[in-house]
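Several structures are given next for inspection.
The same subunit A turns up in both complexes below, where it pairs with subunit B and then with subunit C.
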Partner chain A sequence: MALDSRQKAALFAAAAAVRLLLFQAFPLLPDRLAGRVELSTPVSSFKRLQEGLYLYTHNVSPYDGGVYHHPPLLLPLFSLLPDASHHPFATNLLFTAIDLLSAHALARIADSGHAAATRLFQSPRQGLRWSTAAIAAGFLFNPFTLATCMARSTTTLTNLFILTAMAKACQGASATFLLAISAASYLAMHPILLFPPLLVLLYHTRNEKLQAAPNAWAFTAVHTLGLVLLCGTLLLVSAILAGSWDFLEATYGVRLLLPDLTPNVGLWWYFFTEMFDSFRDFFLGVFWLHVASYTPGLTIRLRTQPLFVATTLTGIFAIFTPYPSVADAALYLALVPLFRHLFPLMRYTFVASAAVLYASFLGPAFYHLWVYAGSGNANFFYAITLVWSLGLSILVGDSLFAALRDELDVQRPELRDKEVKRI
Partner chain B sequence: MALLATLLALRKDARILKIPPFLSAFLIIVGVAWLLVLPLNEYSRSTYVSENALLPGQVHTYFTGSEHNVFRAYRHEVAGLVDLPVQQRTDKLSELLRASNLKVATQKYTYTPSGRNISDENVYAILQGPRADATEAIVLMASLKTMDGEHNYSGVALVLALARYFKRWSLWSKDIIFLVSGDSTSGPQAWVDAYHDAHDPSTIESLSIKSGALQGAVGVEYPAGPWGHRYDKLHIVYDGTNGQLPNLDLFNTAVNIASGQMGIGCTLQRMWHHRNSYQERLQTMLRGMLSQGLGHATGPHSAFIPYHVDAITLVTVGDGWHDEMGLGRTVESLFRSLNNLLEHLHQSFFFYLLLEAKRFVSIGTYLPSAMLIAANFSIMAIALWVQSGRPQEPIPNTAATKPAPKSITKDAAKDPDEKGKEQEQEAVEKPLEPPPVVVTKDGATAIIPAALLQVSERPLFLPAAFVVIAHFLGLIPLAAFNHIPVANLHPSFLLAANLTTLLPLATAYLLSRFNRPTPQESTLIHCFSLLFLGMYLSALATLNFSQSLIVGLLTAPLSFVRRSSGSRLAAKLQFALLAAINPVMVVYGATYVGKVELLHVLVKAAEGWHVWGMWTQVVVWLVWWPAWFSGSVVVALGLF
Partner chain C sequence: MLSFLSLLLFHALIACALDPPAHASPDYHERLLLRPLPQDTLLATFNFRSNETAAAYEQQNFRLFPRSLGQILQHAHTKELHLRFSVGRWDADNWGQRPWYGAREGSNGVELWAWIEADSEAEAFARWLTLVNNLSGLFCASLNFIDATKTIRPVLSFEPEGDHADMSNLHLLHGILPHEVVCTENLTPFLKLLPCKGKAGISSLLDGHKLFDAAFQTMAIDVRPLCDTSGQECVVEMEQTVDMALDIARSKRPRDNPIPHPRPIEDIECDTSKSYNSPDTCYPLDKKTEPAWKLTHVFGKPLRGACPLTATEGPESETLCINTPPERTVQVNTTGQYTEWLSASDTLRCYKLPTGTELDLVLPEQHMTTGLVRGQPHLYAARSINGHGQERGSVQAVIKNPSPTDAVDFTYLESLPWFMKPYLHTLRAHVSTSSEDPLKETYYRPAIDRIRGTHLELRLVIPPASTLILNYDFEKAILRYTEYPPDANRGFDAPPAIIRILGPFQSADRKGLYLRTTPLLLSLPTPDFSMPYNVIILTSTVMALGFGNIFNLLVRRFVGADEVPAARGLKAIIQGQMQGVRARFGRAP
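Up next is the complex of A and B:
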């Protein structure tokens, strides 16, 4: 069911046309969306990027203002483009291209078929899948993806590198995989947690490709070393560019320590506004430990389905990282359709999708009541972010259940279609 | 676990699909009935002032005696200047305010909604509170024309008199701004926009002097001429643009002072004679909801509320024995209360329905009614979704209940062995019945046709694309009615009325000619449009409860119409019903029933869009109209 080139050209042309048309027809929309807290967080906002860019082009350290929290390498890239506030076309084109490349990577992942069948695991339902075109279209025309693209959030770039890393791992291309995963980690830090499951995936695909098992320890050591070297190089280049190592505190420090409590769709900001300062460090540690703990647990338990682990982790990131936005959810929702074979086993898809849909309408309404109308308060918006996170976590939990059930059907064929009970 | 399993098993039950229409109808009935019980004592509450800094009516008021003569003098001055050209009028008003030792400034503004020219000039003066640090201010305003278009002689005179009077007090801990605006809605809007730097400087002048954050605003309308007029009651107007309301504490304070301290009766929503019976309470509530649902600016206070400045307007009504000094003392006492505020009004309710001056329903009590009506659409959407996944062909009877084939009954005389063989042959030749499936659950075994357990693939592209396009189509009339000049508004409306009625028919005809949608596809179109409608309305209910409820009730029939497969008559009847409740026809009918001129509504709607920042049109054209259009196309498909 691979995507033939005509179909692909038509799909990509339509997606690009929709984006450029929206950019052209509603010139005020991108700025309006860039100001929405649901789409732009302190670490991904395009407005902050513009601020950093202004300082950078005027030979002031972009981190001096305390507003810019993006990594330094984005600055030379965006300074090549004409000023987005006067001539936005080039920037719009860049963000459209990013989305198309992401869709291309997603199509590669879908084509590889690793979602349902890997070397060690063949799902009994692997015949059940959506066509690559449908999956790519589901990503390109998802309103969340469109809104993220229009808001020109830099998370789209992170998403591109995550999807590319997955695609390269599915193809067994070591070098490009390492490049993509280190770029994603460099941009957003938390994607480094995707390295273990994707390394397992890469190991399986290399194994299939070479028809012989490479030494697992050597394989891990070489790739980890490669990752360290590449990340180190990126950081070093950044330090040379920024002139000092101060950028570490302004970029990764902000992600780790959460000094900016601007509301977002995640769960951290409200919790930390309420927190007594003496407990802050402790809970920062707990929260981060919680996010990080999913990687080893899931990778070990579902080692035969590493792509599913990586997908679930993107869902976890969309809920539990300090500065999540709708863009992170868009990435997760793009990857979920790869696992069509699990859908018959999922039990709460309707509840989850209804929660997500209602939250995406009520969220802006409650934010309006809180910030503009003044007739609501922060609890209104926080309640809706809870519903949003609930919807996503139901989806994550339900798909995990389905994956385990699917595995059980292989291990214990006699239990197929029987009701299972948790003991 | 067992309960969960039973519930999950229930999903497969065919009977479950029969419930939703009844459940939907039930929700609508409960929603309406809920509304009807609200005026009862058990479901409403007496108002109370919850911000204890306000202390309404606790101060002695001194606006009496010789101030009366000052007021009368001002009234004659105002009577002399209302008919002057704008420039001279402004100069005269500025002079009067300056004579009271206040800082005076003016502001010119021009709006051009639908080709009309609304231009005038505001005059305002700032009293710097002797104990204030210019961080907070309260506004007292009167427009030269009232909401009904009369000259506001005594209202403006009262503002001038109070400005002179307030200036002599040393107790103000907030700045007081006195605003005399050109007209009752655009003038205050221009002023408050400019105060918050949210104006277009090319048509609206920026303010030359400003004070601190606005804490409250009170408008006065008293259209008595130079020789005075004694009034009966105070009519308190409180609806803001887009149905936003001021904090209930401000309203309560005003009622408390007027009726408690001054003995002036208060009334609201044009209920001049309120005897506090059930019918009158209900009528007050419904009028309030209608006004909130329309989302229009009702007076000078409306412009302030979107900026989170609580504001009301006091209007004198009727013939009675209260004089201008009573109104003046009410305003004085109200300002003394506002002067006490330590922080923005926040204690009391922002969402409420008022039944009379001293009784209200809070949001927790009334919100369920709109939510139930919004939920009815979601339930029908779910039901249609499930229905669209069921097999489209009717499932023949299963083996157990099927009458025996005729050929066998005829040859009943044949011996059993031969019969058995024949039956076997037939079964091989005619696999008419769906293959049965044996289901065993909890020790019981059942044979179910396989088709019942299957979920058929849903073609999503056409329905999704159709619903999205329908929503985008709404942009055309939205843009058109906001920009067409006055002269062409009425003809365009008639054109829109005709087009809106014919468009579903034409669309259905074209669809059935070129790409005949299957019943499944039309079910999905219906499902998506109801899903969106339900979601929009429940989100809207939190912003503007009444608007959500009104639109919900007017679109309620969309839940129950279906694409009829057999009878043409049913399709025609359904289409006629839908044609009657189409948004354009409803607007037309409403103007007829309400005895308002249609053109006036259209002009005010365009003015609302350009001047007041009103969103009602967006709801009509991008929520209501697409839902109606999708539903009508589904019904019209049954005609072709």
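Up next is the complex of A and C:
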């Protein structure tokens, strides 16, 4: 069910029109959305990017300050565009284009069919799938994606590179895959955890393409070396551009050590606001270890379904990273429809979607009560972030259950449609 | 209406009366200048100045210079020091030009800046920390809280007042404590630095109850080296200044019964033109008379004669001056010998105090036909926070140039705490009368979380008779719960902006022309301080649910429900356990 070009053009034109129309019809909306804590975190906020650009163009190092935490390569990119506070059109066009490119990459992933059938694993329900157009539309017209695009959060750029890396891995294009994954890691650091499952996916597709298994060790070594070289090059170029290595502390250091406790939808900010000083470093270590621990476990257990592992990891990033935003959840929710064949096996879809909806409607309201009305306190918004995280983690856990149940049907077809137990 | 006599400007007067050339010998001068301000306010300007020759100062041979302060300055290699303790606001609209053109005024709270001799910035900062910690002990103030986050190195706003042979290794450091409450415990050490220690001379009038009750008060200490024109004969000069604007009616209240009582309505002159005027409703008319007051009432203490260290003859010996129109009656109550001196224009009367006996000035209530000319400020400045909520806001500074002819060139210095994060790309300076950009120069050092504060210095030009509006957005950070003070919901103080006028007006001496806005109160978002444990537990629970569920799925194996014995309730569990126990003891079930 590949997307034909006419259908695709219509879909993309509609998505672009909606975005540009919203930008044009509500000129104040982008700045309002950019100020929302749910959409803009200290590491992805467009306002902070503008501040960094201002300092950069006025020859002040943006990293010699506590406001700008974006990577340095964004500075020359965005300084090419006219000032967004006076002439926003070029910036709006850029963010619309980023969304369309992401949708294009998502369509390529859907077209490849790797979600349900890989070299080593054929889902018994692989006929059950949504069309590529529906999946792309689900991404492009998702209110979370739209809001993120309007807020011009730089997470959209990270999402684009993650989706491109997945698409390239599905196509077996090694070089472009490495470029995309290193760009994503360079932008947001945690996408590097997607490298192992996507490397497995790339291995499978290369294997299919070449009709002969390449040496697994050599394959891993070459690609890891490529990743290291590309990331190193990006960092080196950044250091030359920024004039020093100070940017490492201001970008990745901030993600690792969480000095900026601006509220967001994640679990870290309030925990570390309330944390006792002597335990702060210990819990920072534990929390990061926790995020990193999912990659090996999932990759080993579900090595036959690497695309599913990568999807689940994006879901985990949306919950457990230090500065998650709705944009991360939008990426996960864009990838979940690829696994339409698992939906019949999921048990708590209602609970999870109700929790996510509940949090998305009450979150802004409770934040308002805390910060503006003063009639609520920080616990109101904190409680909502807990519900949001719980909703997403139910979704992640439930889809994982469905994937494993689906796998069981291949291994033991006699258990199909029967009740199972975990021992 | 009072017809205004054209009289000497108050400031030109104190400038020439109190700024003699540097003397190479140790000496001591003091002077109190009283000047009635509109709205029944009295401005009292105390000035104490002592000298020590540079050679004696280096050898720690202190005579008039206080040893405690001198040793601290030598230990911290401080060449020039300016320390201010201030409370209240100078009402420039009604009171006119500031005393000393703002040069002896400080930001609300405590302000300190010093030129420190050091070879490197790091060494200068280490000496600065030594200095603030020592001064903290000397003045019973929390000066030790001036750390790296509150220290800036201004570029345009301050110039040294003294003569320094080598400026290249002098480092200017500046710190403000806007939240510091200035009170009696700071006045006592201040008085102890004086040679007469508040026992005699004009300093005997300084009383904590009245000083800190004033609508505006500032205590200043300035230490600077001064050299004669040849640069050979140098002295270290220490100047202590107290300016206070007293509300006469308020300070006349007796100390044992300070609660004000309304005057009986019969005694109040009512505005009968008001529609609501009736026997029990009155809109009081402005009294056309100057209020009656005397020194012992407004200061709460008598003036205990002259300090014996002051000069005994010449204009330096006249230590008490009052600046009033000539028609104002001033009675001197004393049993001792005093002399009165009248200036040529009759607006200034100075008195040489008797030694050993008390002196009191008594001014009766009087209907005046003439008044004094008030100096007009060079600039008016007001600063406020716009916006609502605890997430973000914007700062707006409104600076007005009243002069119809002169464009004023000035610097604007902001030193903001790190948790107030300004967005410089939103900085707009806008002048009402012209479209030209008034912003000429910007110096900006952004804050780093928990390491240093923001330092923003601008040079602006404001055209004649126009208003400049300066605007920028900022974001408020949420702090760790241990970083909040006990009264977190009161808000955090942001220091005032400091404006220095560069031209075309010039001060007669090297002190410069300054203006300070009021501080800002910043309300930050606060976490719930009562529940660190709850937050740790609840967050950990959600993480454990996520992790536990996934971990469980990954490590366990699926089997059909009918392939394992179903555990049915408590009974089955107990039976299972019993079976296990029996098996262990080797008995078959």
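Definition applied: the second predicted complex is superposed on the first by the 423 of 423 C-alpha atoms of A that agree within 3 Å, B and C clash if a C-alpha of one lies under 4 Å from a C-alpha of the other, contacts with A are read in each partner's own complex, and residues count from 1 in each chain.
Basically, a residue touches a chain if its C-beta (ideal position, glycine included) is under 8 Å from a C-beta of that chain, and two chains touch if they have at least 3 such contacts.
Keep in mind the model is a prediction, meaning the values are calculated, not measured.
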Simultaneous placement of subunit C and subunit B on subunit A, clash or fit: clash
Which superposed partner A:Leu362 touches (first subunit B, second subunit C, both, neither): first
Partner chain in contact with A:Trp370 - subunit B first, subunit C second, else both or neither: second
Partner chain in contact with A:Ser244 - subunit B first, subunit C second, else both or neither: neither
First (subunit B), second (subunit C), both or neither touched by A:Ser85: second
Partner chain(s) touched by A:Leu390 [first = subunit B, second = subunit C, both, neither]: second
Dominant contact partner of subunit A by residue count, subunit C or subunit B: C
Touching partner for A:Leu267 - first (subunit B), second (subunit C), both, neither: second
Partner chain in contact with A:Glu419 - subunit B first, subunit C second, else both or neither: both
Which superposed partner A:Gln24 touches (first subunit B, second subunit C, both, neither): neither
Colliding stretch - subunit C into subunit B, listed as 279-287, 333-341, 477-485 or 567-575: 279-287
Common interface residues of subunit A - those touching subunit B in one complex and subunit C in the other: 372, 374, 419, 421
Subunit A residues within the subunit C interface of the complex: 35, 37, 47, 50-51, 53-55, 58, 60, 64-67, 85, 259-263, 267, 269-277, 290, 294, 297-298, 301, 316, 319-320, 370-372, 374, 377-379, 382, 386, 389-390, 393, 396-397, 400-401, 404-405, 408, 412, 414-415, 418-423
Complex contact set, residues of subunit A against subunit B: 347, 350, 354, 357-358, 361-362, 364-366, 368-369, 372-376, 419, 421
Contacting residues of subunit B [partner subunit A, same complex]: 1, 5, 8, 244-245, 306, 308, 344, 350-351, 378, 382, 531, 535-536, 538-540, 542-543
Contact footprint of subunit A on subunit C as seen in their complex: 388-392, 418, 421, 423-426, 442, 444-451, 475, 477-482, 525-528, 531-532, 535-536, 538-539, 542-543, 545-547, 549-554, 556-564
